[in-house]
Each structure stands twice: as C-alpha cells, then as structure tokens.
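Here come two complexes built around chain A, the first alongside chain B, the second alongside chain C.
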Partner chain A sequence: MIGISRDGRAALAYLAPAALVLIGLLGYPIYQLVLISFYDYGQEQVSGGAPLNWLGLGNYAKLLSDSQFWTVLAQTVGFAACCVLGTLLVGAALAVLATRVRAVPRALLFLAALGAWATPTVAGSTVWLFLFDANFGLVNEVLGLQGFSWTYDRWVAFGLVAAQVVWCSFPFVMVTLYAGIKAIPGEVVEAAALDGASVPRTVRSVILPLLRPLLVVVTIQSVIWDFKVFTQIYVMTGGGGVAGGNLVLNVYAYQQAFAASEYGLGSAIGVVMTVLLLGFTAIYLRALRRSGEAL
Partner chain B sequence: MKRIALLVAVGALAVAGCAPVQSGPSGGAADEKSGQLRVWLFDEVNRGPKQAVVDQAVKQFQSEHAGVTVDVQYIQISTRAERFKGAFSDPKSAPDVAEFGNTDLAGYVAAGGFAEVGADLDKWPDAKDLSPSILDTAKVGGKVYAVPWYVGVRALYYRTDVFSELGLTPPKTLAELAPLARRIRAAKPDLFGISVGGKYTYGMLPFLWASGGDLASQQGGKFTSAVDSTNGRAGIGRYTELLAEDICPPQQCAQNGGDASVQAFVSGKAAMTIGGDFNRGAMKAGAVSGKYAVVPLPGMTEGSVAPAFAGGNLLGVTKSTAHRTLAVQFLQLLGGKSFQRKMFDAMGNLPTFTDVQRAVAEGDEFERPFVRTLDAGPRFVPATPAWAKIDAQAVLPTMLQQIATKAQDLTAATATAAQHMNEAFGS
Partner chain C sequence: MKRPGRTLAEVLAVLAAAAIAFPLYWMVLSALKPESEVISSDPKPWTLQPSLDNFTRVLTTQGFGRYFLNSVLVALVVVALSLLISFLAATALTRLRFRGRTLLLVMLLVAQMVPVEALTIPMFFLMRSVGDAVPAFGLNQLGGLVLVHLAFSLPFAIWMLRGFVAAVPVELEEAATLDGASRQRFLWQVLFPLVAPGLVATSVLSFIHAWNDFLFAKTFIISASENQTLPLALLAFFKPDQNDWGAIMAGSTLMTVPVLVFFVLVQRRLVSGLAGAVKG
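And now, the complex of A and B:
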C-alpha cells in the first residue's frame, strides 16, 4: 500500500464490498467468456471426454471470415437502430402527452404502459404471435387478410418483431422522461416564456438540455437492450425466420454455437458483442463530454 | 500507460495460466449388486399408460433382485440436452439407465456418456431378433451403445373421402406424387395437395434416399456431405417441388416442421401428408378421424417403398454407473420382447424386434403400412456427433426454405448446405 495516502486507503476500504460483488458477478463471467473463446471447447471437452485444444484466435478468425456473421451483424445493427429510434420516439411522445393530460387519462396511460412493461417477454411475444396469426389472428380478421403470414417475408417479420420490442420497452423511456420533465422547475419554463421564446424554441433550448443526462441513460440502455434482443426473434420468427433471414447476433450465437455445443465459438461471439457495445458506449459518452456535458 | 501495461500483463498471465473447467474422466469402476438403480425416461404428453408399464417392470425387477430399488425419473424432452450435458459433466447426478433419442446417440457417446453394451447383447437371446437396420441406429463406429426401445417411421396419410370423391388412387411411384397433389389442389383450392414443411427434415429424407442420394458418404471414418450430388439434388428437388403455390404454398408451409405439417392434415386442411405411426392419437382426435388411410410412401419404381427415416428411442447404460450388471439386466428387462409388446399395447410404440413387429402388424390394420415400411429397410442420419451440430444449426431446414422461397436455386442452396455440413464434419 506504499504510495497510497490514508484517504486513498479509506476510499479503497469503502469501495471493496462493491468491488467484490462486481468482480464476482461481472468480472469472473467475463473472464471465463474470454478464456473459453480461445479454446476449442465443446461438450466432449466439458465432460472430460476429449483433451482441451488451445486455438488462440482461431475462433475469432473463423467467425470474422464467415460471410453470414457479417450479414447478421449488419442486420442486428439496423434492427437495433430502428428499435431504439422507435422506442425513444414513442416513449418521449407519450411522456409529453402524460404531462399534458388530466389525472385519470394519465393514470390509464401509465397503467397500460406498466402492463406492457410487466409482461414477461416470452408471454408477450406469444400473445403478439396469436394476434398476428395467419389464419386465426385478430389482426388478420379485422384487416380481412385471411391467410397472410406476418412472419414469412423477411422485412415484414422484422417490422412485426420491432413493433413488439418497441411495445415492451417504451414504458421505461416514458416513465423516466416523464419524471425528468416533471422535475424541470416551472420558473425556468416560465422565464423562457416571458422572454418571448416560442414552444419549439423552449423545447430546443431549455427542456432538451435539461433532459440530456436522462436521454443519455435511456438511449444507452435501449441500445444495449435492443442489440441483445433474443426472445422476441426466437419466439416470433421460429428461431430466426425463413431460411435464417431474421437472425440477429444473439440468436445466431445460440443457434450456431451454444445449441451446437461449440461453446468456444459462442464465447467468441459474446466477446465481440461485448466489445461492440462497450465501444459504442465509450464513443457516445466521449461525444457528450466533448460537447460540454459530462455525465 | 504503466497501468495499461500492467493490466495487459495480468490479463495475459490469467489467460495463459488457466484453462476452462473440465470434469474428470467418469468412473464406472465399481459394480455394486445392491442399492438404488436410477433410471431416466422421457416424459410424454399422456404419460399414464407408459408409467403403468414401467412400474410393472420395476416391480418385477425389484422382486427378482433383493436389496435393489429402482428410482424412475421422467425428464422433459425439451430440456433433455441440458439434463444430459449436466449428467455427463457431473457423474454423481447421472442416471444408471436412460432413454434417449437415437439421433442424440453419437453426440452422447463422443461426450463419454454411454457405455458399450455389444458384449452384453451377444449373450442375450432376445438380441438376435433385433431388426438389423434399427440396431444400426444404436451403433457408433460399429460398436453398439444401446438397445433400441422403439421405432417410429413415417408413411403417406391420405384423405379417403377426397380421393373417392375425385376418383383418385394413392400414388404408385414418387414421381406421381407431385402431379397428383397438384390435381387435388386444382379441384379443391382450399386444400393443400400434400402438407409438407420447409423445416420438415425427416419428411424430406425419404425423397433424398429414394432418388439414390444420401446425406453423407463415409470413407475411412471421415464423413463428406452428399446433398449436392446429382442424385441428392434430384431427391431434394422432388421434395421442394411440393412447396409451391399449386401444392403447398410457401407462405403457409415454408415455416412448418413435422408437427405443423401433420397438424394441417389433422385439422382437415390437406389431402395428404407424411406422418408417423406416432401421430395416430392426433388423427383420432382431429377433424379427419375416420376419413383417412395410410400407405407406405412409394419409391421410384412401382411396388417399392421409399426408405423412411428410422426415428426412435434407445435405452442405454451410462459409463459412470456404479451398478453396471444391474443396469444391463434392467435394460434387458425393459427393452426386451415382453415389455416392448406391453409398451406397444399401452402407447402404440412400434417394437424393434422383427418377430414382435410381425405379430403387431397382424393384429392391427393401422400399423401394417408402417411395418411394411420398416421391412423395406429404413435408413438413418450419419452416426457422428457432427449430426447434432448440423441439426442444431438448422442447415437442412435453411436449405429447404431457401429453395422453397426461391431465395436460392437448388444448386446454390445444396452447395451451401454441403459446405456447412462439411465444416461440421471436419471440426
């Protein structure tokens, strides 16, 4: 402990419990993930039926040279981007709406949103599938589209799943932003109004800057969630769509690696995803800091 | 900068110094003659009759072996992979005897899960009547690792009311199937000519095999995909021809697996389908009850039968068992002729002994086409752990769906599938 001041030591002591929990719950799994990604690690190796084989970067080389991986990666990024945009727009619009309506409609709005939020993902996905069933679904009944399959065409299927993802993740954005808007002091908005600012101007120059820290949090959260979507795709498109057309990274990792007992390759995909998400978060935070808004 | 260097050094040390967990080689040295024998069997939708037969076997076994108790656990089929992986990784939680699907065998054997029982079968009188093509499904690398408990094969179901109304007879060759199905859909546009699916691999295999193709060829222990051979392509093409607007529209059929394909027939939406003897219960409960008949799926020439996929379940003894002798004895009791017959009476599971099969076919008209299909010689998927990988990666369903949706043509799709299969064989 040479070179660490008394204050520093005290700080370390206070941080130790949290650090232990983080290392145990986050550090160790990530360590294992990275470690396994360097080996040819299948079921035979796990149960001791075959010797371990160090591959170095072999799993990564295999992954990056697979053209399907790049297609799936592009698909995942595009899909996640649409979901994030949709979630933020719907969430923000409804948050604003909630601040403008009376108590009873607001309570109803929150009740509906929290209902969607509280629905388990598998159950929500299945219910959506029932609603959009080709032959017996309510939606096709109402639209008169008997026999139209919503999960057959690649882009229609993506659209349907994206709608479901937005439906089950907008409440988080809505509730957070609603709290944020409510926390903006009334005087600030009033002062802007007295200075003659129009509503759009007030939003742009007063409300949005004040909401910025919250917007950062919900955006990063949404990106991480939507990039890692598994259940909705897996359940609604029957494990990745017709001919694998609706695969996203997580489902791809499951299908190609974990279900096929290729844990080494699966871990490599996991590491790539983690690095991508960490990279995105870092760039985003940095861009914010540069524009003068430290989080 | 220093800190980063330190981190990198520590990281390199951590990676180089350790290896992922491996469980030790499983034991199996002991051979205790008393104590508890643990048995894992698959749970079923309607388990009552199965359990009654198994309980009878347990009772008989316990009365013949003093000091031995048999503990039967019913495990879910959907989570079997995790259960077995767990059991192989931790021998203490493993069963002594287990039921499992024959397509899982090669993977389980490679994982060191099941013990060889070839020598035990040689000394067992019942074993000589085991149907050879079915016993093949219990072999890996020429060695026997299990006793086939029952088989399931698929044949051609057709609607007798539709056929007699249109004055049709079931197809006599595989080439007649598509034109016949087209004719039916033209006359009755609300019916699929034949209900097949883009994910129905086991429905496609008879077309592949009947056309002289195969999934893979084996040379010196090394497998090579054969789906892109001339005959393989012809067979796959003959199947995907059915996934078309004028027979079974891709919009409705491309996403169907075996269950959904049969379900469409059961609910009265199709004039034909490829279904198994194990679908009998569903037929009884469905809209088609009493309005269907079954024939073997015809082969290329009149009177021949397209080779069916020999699906079914095996009973094996785990490598880690501490009761090897008892486990083999229980295997021979539950998997023997007398209890296979009882299982047929209870569950309709087709027996694996040729003489018991014949006895079953004589007494039951429904089973006859299936037993005929078995007699004609069913076939099996490549006996290698790579098959489980190919299955999990959905290589063949993806291929069928690409062709059915015209995303790729037959040549390109089969070539891609062959490439993926060879990667799995090679790893």
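And now, the complex of A and C:
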C-alpha cells in the first residue's frame, strides 16, 4: 500500500531532530569511548605531549587478569540485584497499598514518595549520611550506638547505600505501577468478579498481564540505573569506601580514568559495563518475546 | 460501605509516608537549627531556636543565588527541548511502521546502558572541538551543558513517552482520519493533549536529570566559575576533617525545594492523569 512509503517519510521527519542530537552527542562519543579503550591513553596523551600507543585488547587483558576487577564486578552485581529487588518490592507494595486507601492517606503517601523522588541525588546522599553519622547522627542516638561508623565495614556501608538507593528510586516504580493499575478499566475487573474469579485469580490472570508492559519498563529501567549507581557510592562512602571496599564498576572506572589518569583502562571498564547490561537486556527481551510479548 | 482491612491499610500508608518523608524533615530541621544543635552528640527531633544562619552562610559565602539561576536555566531549556524532540520521536516509533524501527528501539535502550561517567572522557574532547567552532556550545558554557544533558535525557524520555503514546487507542487516530484530520492536526490537537500526563512524567524526569547532575558540570565547566551549577557548590562544604553539616543541610534544602515545588505542581497530572486520559 502507499501507506508504507508515506509512513517512512513521516517517520524520517519526526525522528530527524532526535537523531541529530543522539548521533552527534551520544553515538559519536560512544564510538570514541570504544576507540580510547584500545589505546594507552594517559595524562600525556590528553595534553598532546606523547603519541598515542595502540594496545589493541591490552587494556581488557589487564582488566581481566586483575583480581580487584573481579571483586568489584561481583560487588556491583550483588549490590545492583539487592537495589533492584528492594526497589521493585517497596514500589509495588506501596502502589497496591495506595489503591486500597482513601484520598487523604493516599495523598500523604504520594506526597512523601514524590518528596523522596524529587530530592536531588547529592542532597539525598548527604541527608542520609548525616542521619547515620557516627557522632552527630540521629540513628546512632536512638539505637545507643554512639561512635559506630556505618561506612567503615564494607557490608554495612553497602547496606546503607542500598537503602538510600531504594529510598530515592522506589517512587518511580510506585507511581508508574499505580497509574497502570488505575488505567485498568473497572469493567474488566468487575467482569472477572462476575465470572466468579477470586481476588488472587483476578490479580494473576487479569491485572498482572495488563500491567506487564509497565513491569518490564520499570524492571529494565531499575537494572540500568542500579547497575550504574555512582553519586550515592561516591558521596556516601567517600569515593569507594575504606581501601576501596565499596567500589562498584562505575566508580572504579571513574577512579581509574580521573584519579589514576588511566583513561584507556577507564574506558575499557565502561565498555565492559555496557556489554554486561546489554547481555542482561538481550536475555530479558528474548524471554519476553518467547512468552509472546513484543518490544 | 466499609471494606475490611481498610483501616489497617490506611494506618500502614500513613506510617509509610512518615518514614519516607523523615529524611526530608530532618534535612529542613537541621538546616534551621543553630550550629550548636546540629553538631551535637544528643540530636533532638525538634528545635526551639530556629535560625536562618545556615542559609545566610550558604547564600553569602558560596554565591548560591547565581548557581541556582544557572541550574534553573539549564534544567528548563533541557525540559522544553527534550519534550518536543521526544514527543515526535516517540510518535514515530509507536505509530508509524517503517524498516529499522525495532533496531532504533534497541539502540535507545543501549544508549541508556552506557555509563555516563565513562563517557565524560570522549565528551570532553567533543565539547572542546565544538567550542572552537561555536563558542556558545563549548566548554565552560551553559549552552554546552544543555546539549550534553539533552543527549543524555533523550533516550529515556523517548523510551518513556513511547508507552504513553502507545496507550492511546489506534481507533482514535482512525476516527480522526475519517473525520478528515491531517496527520499534523491529529498529532498536535489530538495526540499531544492526550499524552499530556506522559509529557508531564517525562518532563519531571528530564528536569531531575539535569538538576541532579554534578559530574558534567564539574567536568565541562572548568574555569568559568560564573557558569557553575548547584551540586558542586554544595560539595564545597564537605571538608576532609570536619563537615559543615548545617551548611550542607541548608544547601541541600535550597536544592531540593524547587524540584519539590515542581513535583507538587504537576503531581495530579503525573499520577491520576494517565488513568483518565487512557480511559477517556
């Protein structure tokens, strides 16, 4: 039909502004990132004082044989998994709770969640840090733990940062899922009830399938965000914890590039992170497609 | 009609709200406390001598006002541009069939996975060359910052709007076409108002994105301190030996309030609008 070519032309026009910005300011830097990861790119190369030295996969080989890289990778995956799970559970639970209450408690809940959401990352991190401060923090005062440092032990520090991450990222999940639940036409649920479906059955067979596209979006989004947590770790653990115990890949890459001037190595870590996230998303989307859901 | 368990649910909701809001309360409270009460080993959840000392210190010594305006300017321009561009792109990606559509969607996802922190390296060199050609968009310029933020908020904005555009029934477009509306007319007079909640949600996220950033500002605004933004000014109060908590909390409050206001203004559309638009 003629529709195809007309669609194609309109699509081109609609997509042109986005393409212009994205190719120039995102695609090209990504290409450069990959390129730099193949070079020995240090301070001298940045200032132009020394010629570029092609390493090929040298930076990657160095990375894979470095035991710290593997520790950091494992920490990153574990940390991100905890954050994603926590975010989804809290967000979904509160979204359901919000549909069950009257206007005033719901407004309070949303106001609080929007507050947490609106708090800039840097500000949120500093407030949590202050609440859990060893000497002046309210939490230690209440628990009678004067002088206990929440950022000294690796796992305690990770726990604290994860709690902060969940606090500032669950509202996105909550608001999205709440809107999704509200968008389900009342007649659909009523029809299910008339047909004799129990509440759990209605949730499983009617509400969850309808919410599925939104669940996919919030899950992928949470994974992408939590795998790349930077500001909270950077601000709350003072750049990666005691002796680098709280490093995650993103902070590790940043340290390698900007603290150690190993721009090539830092870029290589960035590329590895991207590939890992890509792998996750590919698996996830394939699983979705198999169950009959299209992108 | 009384539903069983609703009282319990409401108590839970209020408790949850209080717990979630507590860090914010503590932030504002600490900002208003006099210095001796902030740096105290016996912190109280109230204050009897509220003072604006912390705010004055922040605003006078660090030039917060100037940075504040810079942050607002950058965030607003980013929001306006990203809304227009992403609405068009999202419409193309959901409403039009063309070759390479799925590929584009996948690329949008991929773009969000690249860690921004690592990308600052190549971006720096790019901004430097752009600045040689067009100074207003190069290093040390707010224009450059706007472009960088735009590039980083677009993939998510498009991705997010896609869902909202897709939720508008196709029958509406068919009806509009049957009634003789052109594609342009449908786009701006039917689709645009219908996805308003989506536009609001997207603008909120783009705004936060730009407002939150300190890494770009730190990396790209190197020598022009008059073009600096808020988060960096806040970090200046962190000192290796003794943090000035009162000032940090005051700065954090100043930084949080505009976003909070923005959120409260749009929250009705953000939350309830979607359901209404899709049903209506």
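As a convention for this text, the second predicted complex is superposed on the first by the 277 of 295 C-alpha atoms of A that agree within 3 Å, B and C clash if a C-alpha of one lies under 4 Å from a C-alpha of the other, contacts with A are read in each partner's own complex, and residues count from 1 in each chain.
By definition in this document, contacts are C-beta pairs under 8 Å (C-beta built on N, C-alpha and C of every residue); 3 or more make two chains touch, one makes a residue touch a chain.
What you see is a predicted model; the values in this text were computed from it and never measured.
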In the superposition, chain B vs chain C on chain A residues touched: C
Going by the contact rule set out at the top, does A:Asn59 touch chain B (first), chain C (second), both, or neither? neither
Partner chain in contact with A:Ala260 - chain B first, chain C second, else both or neither: first
Is A:Tyr178 in contact with chain B, with chain C, with both, or with neither (first, second, both, neither)? second
Touch check for A:Gln32: first (chain B), second (chain C), both, or neither? both
With the two structures laid over each other on chain A, which partner does A:Asp7 touch: chain B (first), chain C (second), both, or neither? second
Applying the touch criterion given at the start, work out whether A:Thr126 contacts chain B, chain C, both or neither, answering first, second, both or neither. second
Could you tell me if A:Gln45 is touching chain B, chain C, both of them or neither one (first, second, both, neither)? first
Figure out whether A:Val242 sits in contact with chain B (first) or chain C (second), or with both, or with neither. first
Once the complexes are superposed, what residues of chain A are shared between the chain B interface and the chain C interface? 32, 36
Provide the residue numbers of chain A that touch chain C in the complex, in ascending order. 3-4, 7-8, 10-11, 14-15, 17-18, 21-22, 24-30, 32-33, 36, 94, 97-98, 100-102, 105-106, 108-124, 126-128, 130-131, 133, 135-138, 141, 146, 167, 175, 178-180, 182-183, 185, 213-214, 217, 220-221, 224, 228, 230-231, 235, 249-251, 253-254, 257, 263, 266-267, 269-271, 273-274, 277-278, 281, 295
Chain A to chain B touching residues, read off their complex: 31-32, 34-36, 38-41, 43-50, 52, 134, 147-149, 151-152, 238-240, 242-245, 255-256, 259-262
Within the complex, which stretch of chain B touches chain A? 14-15, 18-26, 81, 85, 88-89, 107, 110-113, 198-199, 250-252, 254-255, 385, 388-389, 392-394, 398, 401-402, 405, 407, 424, 427
Which positions of chain C touch chain A when the two form their complex? 5-6, 9-10, 12-14, 16-18, 20-21, 23-24, 26-27, 30, 38-43, 45, 84-86, 88-89, 91-93, 96-99, 101-102, 104-106, 109-119, 121-123, 125-126, 147-148, 150-152, 154-156, 158-160, 163, 167, 183, 197, 201, 208, 211-212, 214-215, 230-231, 234-235, 245, 248-249, 251-253, 255-256, 259-260, 262-264, 267, 270-272, 274-275, 278-279
